[in-house]
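Next up, some structures in structure tokens.
Look for chain A in each of the two complexes below; its partner is chain B in the first and chain C in the second.
Showing the complex of A and B:
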């Protein structure tokens, strides 16, 4: 049941959960994680299928080319995040949530209507840098470890405290000299880059890529990861992504009800478990 | 000239739907200061209820396959009942997704998440019951009205005219009610300052419920009308309108009733003006406006700039 392919998808879920968590730790809801993942995936899909020079002579897609894709995807996502974040994050409140929905929709419409990106069909036959799921597992695990270690470092750093201060009360945080705009922008940009990097690996893994990856459903699913796991510690969204990705596969009969279950998690989670499954109190007990 | 007039007619009738949508968001926003993300799902519910009301049967993919009401109501009756049903459903959304958070004085972000969850649950329950296929309301639902009218060279479907009339009527009644009646003024008082309103003897909880019921009614009416006008494209079609409605809402200004109308008409006209060979990009128009307004005038066309108190 727990085959390599499911494990790869679980790690992708954990990374996307972290991407939603980062802005949320600064009190901002971004629903554009699937959008940025879509962008990252398209960068990988376009480069690896259209640029022959990156392909190399071996049957497997060369790793340096993969690294180049990761770098480019990060740059593109960063630029896009700044484009959206610079005007929107100067405003307080729910504007980022609405603007990220708008970004998802604009991306979807543009990608669907552009023959250059394969239109509605998307891009097929994306070359494989790894021979089996184990390679993808390793690459995603490295990315997850790096992202987790960064989150852990941030939490202990003044930056993490500033993010928590902005989340709890943006106005009060500004009064103590915290540049809340910069903090929010940083968190949003980090979220975008992480989602895009995940998208690069996901596009190679799935072998095909299209605009449906960034649908509204995907926004709901990734949000459920964080609401379920908890947004007070980075382990929360990781656990949420792992468990909620595996859940529909492990409980086959739930098939049709998948989104009802995710919807119920989002609806009832904040009411019943406001801090999610992984709470700071729980971690303190487990890791003395 | 005729082309311009046609664009104007099409744009206004689409814009009227967006305006009704944004108005539904606005009613709740002006009282609670939060957005009810389940609004699009209620719109879908309204369309399906209207379809059932006029005697439509459930298709073969749903859990209720083949089921239909034993009677077929006239369209206006079915539409009104659907509106009432959606008002009830929105009261349920308020009770489950909003009231517990309000009791706890939770942060606005959480309302957004829970109402999104309520919408997702509702849409997917509809999908299980009705299947993912599209439904079309019977073409003769409007009875003896001719399907197409010609006005000074522009062609207008009766249902488009009906949409415009309903939108104008709802706008007028709502504005008069808000400005002139005791209930409407009480609602405005709560939106201005809930605590002071309570001190003045206004039952603010009742006002919140009233705003949800009215907003649900609007969602149900517009869902049924759009279902008749362009058919129901599946359970998610309300979500698409709901997302565009958000763009309209921000364009007009959060919490502004005339802003919702103006925003709806601007987006409707702009979409109608998109040339045919670029029609695929039509769905991005509302969101392009959203970004433009956030850059140029974040409070929206007719919104008040928020005053931040320290």
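Showing the complex of A and C:
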């Protein structure tokens, strides 16, 4: 049942989970992960279908062109994250969540109504850099490993402690010498870049790309990855993304009930596992 | 005293809507002194701390640190200048271990130094425990350890003895004296327990309804008629405040 294509989607889920986790580790809720993923996907879709020089007509889309897309998607996501984060993150509280919902909606409406981005139909026939799902699997695995290793390194670094301090008590963190605005902006920007990079690979993999990738449903789905997996360790959202992406496919007989499953996870998850499935205490027991 | 003050407040005022929380408060702290700030509840003591540490902006006046204005700087910049504080309502990083709370204060990973600081407050055995699970007295001490981690020149303590029993209060008082001497600290301390403050502080400032009503050595402040009136609501004579200075709303 676990075919290559499902495994690719599971890795995409894990990466999106990490993207939601990063700002949460500094106490900030960003709902714009699907929005940034959409942006990354459009960068890939537009470049590979409209810029002939990149080699879209070749049987296999050249890898250097893919790398260029990744780089450009990162830059665009970073710019957008700064645009939203610079004014909003100076405030304490839930403002980032509100602003990122707005960002998602603006992106969706702009992309839907713009002929340049394919309007409601989106962009299709996106060239393939890899001949089979295995290639995507490898590319996404590399990205996940890099992102996971970075999270692991941050956790042991003063930066990780500063993020946790801001999450626990932002005022006390400021009075302990931490530039909380900078920490929050950094976490949000990293989240945006990771989602955009994932979007580039996802657009090529799905072959077609449209604005529906960044719907509010998608925001809630990616949030569920972290609620289910846990937000106190980076392995939590990775597990959440893997499991919750696979679950609806494995439960295909129930069809549309998949949304009910997500709803149930968000409702029951905090009751059964208040800190998510993966907690620091659990990891300490498993990896002494 | 010819030395310029380490910290100087000049005509500080702060208004919250219609409430004048502080009005024209001026005093200076000399390097190395233990300076007490007392006054009834709502007198503006914590607001003054918040203004010094950048949490609240003053509506008027200046905060001079080594003769440079620092009012309006964000809290983390003020902290880096060498001012560290504790909070009246304990603000620890609850999910972090005691060790990590202190390392946040250090601003770097230095296990050994963090353990030394914990040991200074008798918390070395709790190093790996989450701060949120500590007993009350330990939490107070951990907050002081975190504040001291950055090796500040000025330590601001907001009611460090609140909730401690008399024995613990005496220990704390001795510890503050020892730390001030050993680490060449200047200490600004808010505390309701007047007898403790009389014995601990080199000088005291008394706030009432946002105004500075007395400033000086403890024995002078204790006999100041305005202070006696503030604490006893105008009914007291000199005898009321004379004894153990027990004229406080918190007789514990």
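Criterion: the second predicted complex is superposed on the first by the 283 of 288 C-alpha atoms of A that agree within 3 Å, B and C clash if a C-alpha of one lies under 4 Å from a C-alpha of the other, contacts with A are read in each partner's own complex, and residues count from 1 in each chain.
Simple rule for what comes next: contacts are C-beta pairs under 8 Å (C-beta built on N, C-alpha and C of every residue); 3 or more make two chains touch, one makes a residue touch a chain.
Quick caveat, the model's predicted, so the values are computed rather than measured.
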First (chain B), second (chain C), both or neither touched by A:257: first
Chain B versus chain C as contact partner of A:51, first or second or both or neither: neither
First, second, both or neither for A:216, with chain B first and chain C second: first
Which of chain B and chain C A:60 touches, first, second, both or neither: neither
Partner chain(s) touched by A:171 [first = chain B, second = chain C, both, neither]: both
Which superposed partner A:75 touches (first chain B, second chain C, both, neither): neither
Of chain B and chain C, the chain that contacts the larger number of chain A residues: B
Contacts on chain A seen with chain B and repeated with chain C across the two complexes: 171, 175
Chain A-facing residues of chain C, complex: 53-55, 74-76, 79-80, 84-85, 87, 91-96, 100, 103-105, 107-109, 146-147, 150
Of chain A, residues touching chain C in the complex: 156-158, 161-162, 164-165, 167-169, 171-180, 232
Contact footprint of chain B on chain A as seen in their complex: 27, 29, 84, 87-88, 90-95, 97-99, 101-103, 105-106, 109-110, 112-113, 171, 175, 216, 220, 223, 227, 256-257, 259-260, 262-271, 274
Chain A partner contacts - residues on chain B that touch it in the complex: 34-35, 96-97, 100-101, 106-110, 112-114, 116-121, 124-125, 128, 236, 239, 243, 246-247, 250, 280-281, 283-284, 286-288, 290-291, 294-295, 298, 306, 308, 310
